[in-house]
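Both of the next two complexes hold chain A, though its partner changes from chain B to chain C.
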Partner chain A sequence: VVKMTSTLKGITLKGSAELVAEFFSFGINSILYQRGIYPPETFGRVTHYDMSLQLTTDPKLKNYLTDVVSQLKEWLFECTVQRLVLVITCLETNDVLERWQFDIECDKSAKESSAPREKSIKTIQDEIRSVIRQITATVTFLPLLETPCAFDLLVYTDKDLVVPEKWEESGPQIITQSEEVRLRSFTTSIHKVNSMVAYKRSDSM
Partner chain B sequence: MDLEDDTTILTTLKSFNSFISQSEPPRGAILTAPPTLQSQYKRSFELLEAAEKVQSKTRFLQLDQEKKQMELSHKKARLELEKAASDSARDLEHEQGRNQELYARIKRLEESEAQAMERLKEQQETQRSLRKALDSLNKSLEEKEDKLSTANQTISSLQDEIRDLKLKLQSQDSTISTQGLEKEELQEKLLLQQRKYQDVSQLCQSLQAAQSTCSEHVLKIKELERRLVLQEQDMSIVKMVKSEAAKVPELEKELKRLREDNAFLRENRENCSLLKEEAEGLRRKLERAEKTREELLCLELDKEKLAAKLEAWENLGQSSGLNIKSPEDLFREVMQIQQREITLKEQNYMLNSRVRSMERSQSELQSEACQQRACTAEEQRRREAQDSLVRRLQKRLLLLTKERDGMRGILESYDSELGATEYSPQLNRRVKEAEDLLQKTQSHNTEMEAQLTKAQEECGFLRLQLHTVEQEAEELKRKQASAMDSVSAVSKEEVAILRQKIEDLEAERQRLEQLNGELEMRLEKHTLQGDFDPAKTRLLHFKMNPTAVAKQQRQQEVDSLQEEVTRLRELVRVVQESGAQDESSVLGLSLSLPPSKEVLELRKQKESSELKNQRLKEVFQKKIQEFRTVCYVLTGYQIDITTANQYRLTSVYAEHMDDSLLFKKGSSGSMQLMETEFSKTLGEMVSLHLHHQKSIPAFLSAVTLDLFSKQTVV
Partner chain C sequence: MAQFGFENDIHSILKLDMPITNAPMARWQRKASSSTTAAGNGLSPGKSVNVSLSSSKTPSKTPGKGKKQTPSKMGGDRFIPIRNSKQMDVATFLLTKENEPDNPTTTSAKAMSVTLNGYDLEDAKILHLGGKPLNAPEYQNNLKVLYSQGTTPASTKKTRYISSTPDKILDAPQLRNDFLNLLDWSSRNMLAVALHNSVYLWDATQGDVILLMKLEREEDYICSVSWTKEGSYLAIGTSDCKVQLWDVENQKRLRSMASHTARVASLSWNDYILSGSRSGHVHHHDVRMAQHHIFSLTAHSQEVCGLKWSPDGRYLASGGNDNLVCVWPRVSDGSMGNESQAVRSWSEHQGAVKALAWCPWQPNILASGGGTSDRHIRIWNVNSGSCISSIDSQSQVSSLVFAPNYKELVSAHGYAHNNVVVWKYPSLTKVAELSRVLSVVLSPDNSTMATVAGDETIQIWKSF
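And then the complex of A and B:
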């Protein structure tokens, strides 16, 4: 079910923020399923963007993701968020094993003018679909995660932002010897999202 | 009366006409006799008066007629009005009569209405009383009905209760009977159970005794097994030591050989080092020799070059045509040339300075010419501006005159019409409006003129600039041409220097571009790795994020596991100290954990089965041992099983420990005697009892008797 939050005539800032937040929600679920952070039986299949995706049914995880994504939607609307990072940590050694990074470039002129932009939703959905397919395909070259792992979501925002109640400052959690791979990007003509993945080199583990 | 009037009018007219006709002929006589003019004039005047009188009379008659007519009409109208009045009075009387009739009717009707109202009220009262009586009757009826229904309900409920009670009675009777039967059965079972209990208690006692002996035997077995294990370990150690001891002489031999080799190698090493030093010295010598050879080659080349130069120098004098035979001549020639050069250079510099001064003057003149041209252009522009101003002023003058004429015409038109005072305010207003319009147009006009002057000034200015730029371009072209003609060394040097600078800057630019590219790549790599600028960016994450939660859980698990580990270690220590006897205490310690019911049951089952096994084993062992001792005692032979189907018999009265008979069980089940040392001494009995009589018991008893006799005799 695709909510037509933007008018059929074009994309507004609010509609673009909703589309990007929706992509993050499905993208994060896909990564958690593909990398095996949570057992596969806790995921249910849904259809979105004309493809079948996995969505978690664990209530705690769902609540956490809903909180983060709703806050992210606000920040996208205000154009104060620069980057979203999903960090995968090994629980035994507390090492950072993988880092999925999504850079967000916001066209601030859309805040002043409220005229919708000409870009069809179908094109945007096609772009998002290719990004998610590519994420699924990265499993072939990423090293196996054999130890039990947990994940965390970091958000890079503007310096002068007011920190909301449930959030706190954190370090960047950079991998010590990493290989980086740049993935596809997509744009809604107001927000542009670049994806990349960094993983720890397996000979140094 | 009218006719009289008309006749008077006609008669007067006739008299007038006759008078006039009388006056005409005497008019001819007037001309001859002037003093009759006055009388004629008087006559005419009198005629006029008569005419006037006639006129007034006629008017009077007319007015009289009119008055009479009006009086007639007045009378007629009065008559008609009287008629109308009488008619209306009759109508009024008629109406009044009707009115009175209607009033009387109304009164009658009102009376009847009042009567009807009174009757209506009486009837309503009776109706109300009747209704009240009805209501009370209804209520009493309803109460009676309610009472009847409640009575019915109570009756039905009581009937139900009676039925239930009857059913209960029946069921209770049945239960009583069944329970009586059950009681009898239970009593019988109780008797059986009591008997069983007695049996079981007896068995328990016997089992306990057997258990105690079994446990003692088990302990002995464990000790023996431990000793066996230790012995086996000792055996293995002894074997290893033996093998090692066997290796020792070989090792000694090897050691000797290695020592010899060592000494030999050391000698060789010293020799080698000596040889290496010699080789090094030789190599260095070789290098030096090669270097000297190369130097020699170079020197020979230099010598040849110098020889050639010397020849050239010597031939110089011949080739240049000068009188040179020695270096001093050359020196002299060179000095002369240098002096000549100096003088030429001085001349050159002078000429250059003159040229430059000429050029400067030329440039100054050109600049003056430019300025003059600029002045002329400005003058032209000003003149044009003035002309345009003059034209504009003329146009304005024309417009103003036209306006003035127009205003004059309007004013004249207004003056011509000026009769009524109502026009003056309108006129004033119109004048004011016209004045305002005029002012507006004038101001607009002045603005347009100002813009036009500005535009024209700008145009003139631009034209000036264009002139100057064109002149500069022509000057530059001339300068370029002059520069091309007179190429001085100074400009060449400047050009070369500038080119050098350009090349250096280009090289630096490329280097900086490379650096830039490298820095950009590094920056890209850092952003991919996740770097950020702390001055512009802030990094946030959720407080209760899954990693923190997982770490907490892990820590808790680790703590709990550590606690369990310490507890288990204590348990193990306790078990090792107390030994296996205290099984109950071990079980108690392990039961301090909260085990599940299934685990407890399974443990109990396991223990009970193990106990059973142990008891059975003990019982079997005991029985077997008993049986074997009894057999030994009664038959006089100890029967041991050596291997699968071989049985060894040792007699009570055997002279030596090794004297034994060996029997083997064949595949068909028959026993056969095997050859042993002892059986060789019993050849006779073997042949007699086994071969002839084919009876093993006879043989065995014969052997026993024989041995017994031997023993007692000895």
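And then the complex of A and C:
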């Protein structure tokens, strides 16, 4: 029992990368559901982080997210990723309407020492839960997306990274005249994720 | 040796590190000597006086001042910058840097990229999985329904189902189709209805019907019925100018009060009873006293069709065939004087006013409805005397009642539509329209209403 709890309390780089990747998977699904990018009937309810979450059942979207998140997990493990951005664009005009930005700070020293850090998974998941709660709560102030929308995921990586197959370089897709709202952050003690959402100011729409 | 002497002279002239002996005094030397002599000789009198004063009287006060001043005063006509404090090195560096062609573009480009991209692109690559951004084909979210509020949550209640057919229909033969008050529902859940010259009680809980009383003479008829607050006594106004008081439990007449000179078309209780008659007089009867007629209110010139005490018992509203709506103050038991003046008297209605209702949740709000020639429902503020709102109901208003469960106002109508309308209060938007009615009363639990119609039926509606 003592051994069990001790392993549960620590976190390694691998575990951290997995936790953060998992957060992105649930977080992106939540945003797509809450913001109505995909129809609500294409989502299924799951329980995770002690809360009810919506996961897509759309096969195309599911594949896409699995591809991105598994690649992201690799980069998180290598500590070469700096930021993940979910961009919501108007399908017609390609205007960027919303930009969910997750800044990732990697503690690269974790690559050298494999000793697990002193932070329990439960504490980390509690922090993650409050971030996802905030994402859910944002729909109350974010402007309504009144046109059909598309989304894209941008990953900011280190400059020297070799671009993998199927991936390509992109522009930052910044919103002109945006309002920004900072959300909570969480840390696994190896990866720290700061969240923020920027949206087009309503008077400029 | 003369040539040597000449040579030496040449040497000394060419040697510049030697002081020039025969040259005129240097400017700074002249200046220094003249200023020292001036100070020493006391050529500037003000200064010397100052010095002497300061030395004799307050020697310790400003010792550094004189010293500090002298050097700057010495070169007083020129500005000699103190280079040390001007950070010449930094300035030079910055100046020279500015001239370098390469630097500005890179730094400003960097700053520009940071502000534009929110990120220094030198440090990162932005990647995305190849292909177009993803979207759900042909899908537009309908969150507008969820997150935009067109209607207030309270008003969604009005979409509750209101049955358009009555819950129950009771036969009411020989019901007089007139501007009378023939229906009342007691707090003990007994519905009293006057049919020609008899009063029937319908026990709404049990469903039993009791004949309470019947007038002796066939040509007489009942004009009004009214329950006391407790529901144990019923007052009955008759066409032979009397007000009868009945103990319902024992089915016994307690007393018969005569004071009017015409039929008693309206009754309203407030501890003791009040009656209004065709003569236009409203009489206060204290049922506890032998001399029951204690007061008269005279403002109406024609029959008093409607009488209602406010729920708090402070005001009495009366409506007459003369199109007047009057509001009276409560008369205290002892006072028999003639101080009773109507607090308000409104003549806006164009027809007889039988329908009167006080708002139970908003004190001082009175609703009144006019007859066939008027058809308006008006809401009054008794405190200010103003008409808050009015609406043309398109039919004669025969009865009004406030339904507190949903904050609605119910109006019963005679000619032309003979219907019951449920209005949202205070907006007076129509909630429901039910059919064929003369008068309406509300059950004690406010959930059901009973209506009497000219087709000789009593209809029970579970509307609230």
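Everything that follows uses one rule, which is that the second predicted complex is superposed on the first by the 197 of 205 C-alpha atoms of A that agree within 3 Å, B and C clash if a C-alpha of one lies under 4 Å from a C-alpha of the other, contacts with A are read in each partner's own complex, and residues count from 1 in each chain.
The criterion applied here is as follows: a residue touches a chain if its C-beta (ideal position, glycine included) is under 8 Å from a C-beta of that chain, and two chains touch if they have at least 3 such contacts.
Everything numeric here is computed off the predicted structure, so don't read it as measured data.
**Student:** So if we stack both complexes on chain A, do chain B and chain C clash, or do they fit?
**Tutor:** Clash.
**Student:** In the overlaid three-chain picture, which partner chain does A:74 touch, first (chain B) or second (chain C), both, or neither?
**Tutor:** Neither partner.
**Student:** Does the superposition put A:144 against chain B (first), chain C (second), both, or neither?
**Tutor:** A:144: touches chain C, not chain B.
**Student:** Now for A:50: first (chain B), second (chain C), both, or neither, which partner does it touch?
**Tutor:** So A:50 meets neither chain B nor chain C here.
**Student:** Applying the document's definition of touch, where does A:182 land relative to chain B and chain C: first, second, both, or neither?
**Tutor:** Once the two structures are laid over each other on A, A:182 reaches chain B alone.
**Student:** Have a look at where A:169 lands relative to chain B and chain C in the superposition and call it first, second, both or neither.
**Tutor:** both
**Student:** Where does A:36 make contact in the superposed view: on chain B (first), on chain C (second), on both, or on neither?
**Tutor:** Touch status of A:36: second partner only.
**Student:** Take the contacts of chain A with chain B and those with chain C, and give the residues found in both.
**Tutor:** Shared contact residues on chain A: 61, 64, 67-68, 82-83, 87, 89, 91, 101, 148, 150-159, 161, 163, 166-172, 174.
**Student:** Residue numbers of chain C touching chain A in their complex, please.
**Tutor:** The contact residues of chain C facing chain A are 116-119, 121-130, 132-136, 138-144, 147-148.
**Student:** If we count contacts the way the header does, which residues on chain B are in touch with chain A in the complex?
**Tutor:** 525, 527-532, 534-551, 554
**Student:** Where on chain A does chain C make contact in their complex?
**Tutor:** Residue list for chain A touching chain C: 35-39, 42, 58, 60-61, 64, 67-68, 71, 82-83, 87, 89, 91, 101, 139-140, 144-159, 161, 163, 166-172, 174.
**Student:** Can you tell me which positions in chain A touch chain B when the two form their complex?
**Tutor:** Those in contact with chain B are residues 61, 64, 67-68, 82-83, 85, 87, 89, 91, 94, 99, 101, 103, 148, 150-159, 161, 163, 166-175, 178, 180, 182, 196, 198.
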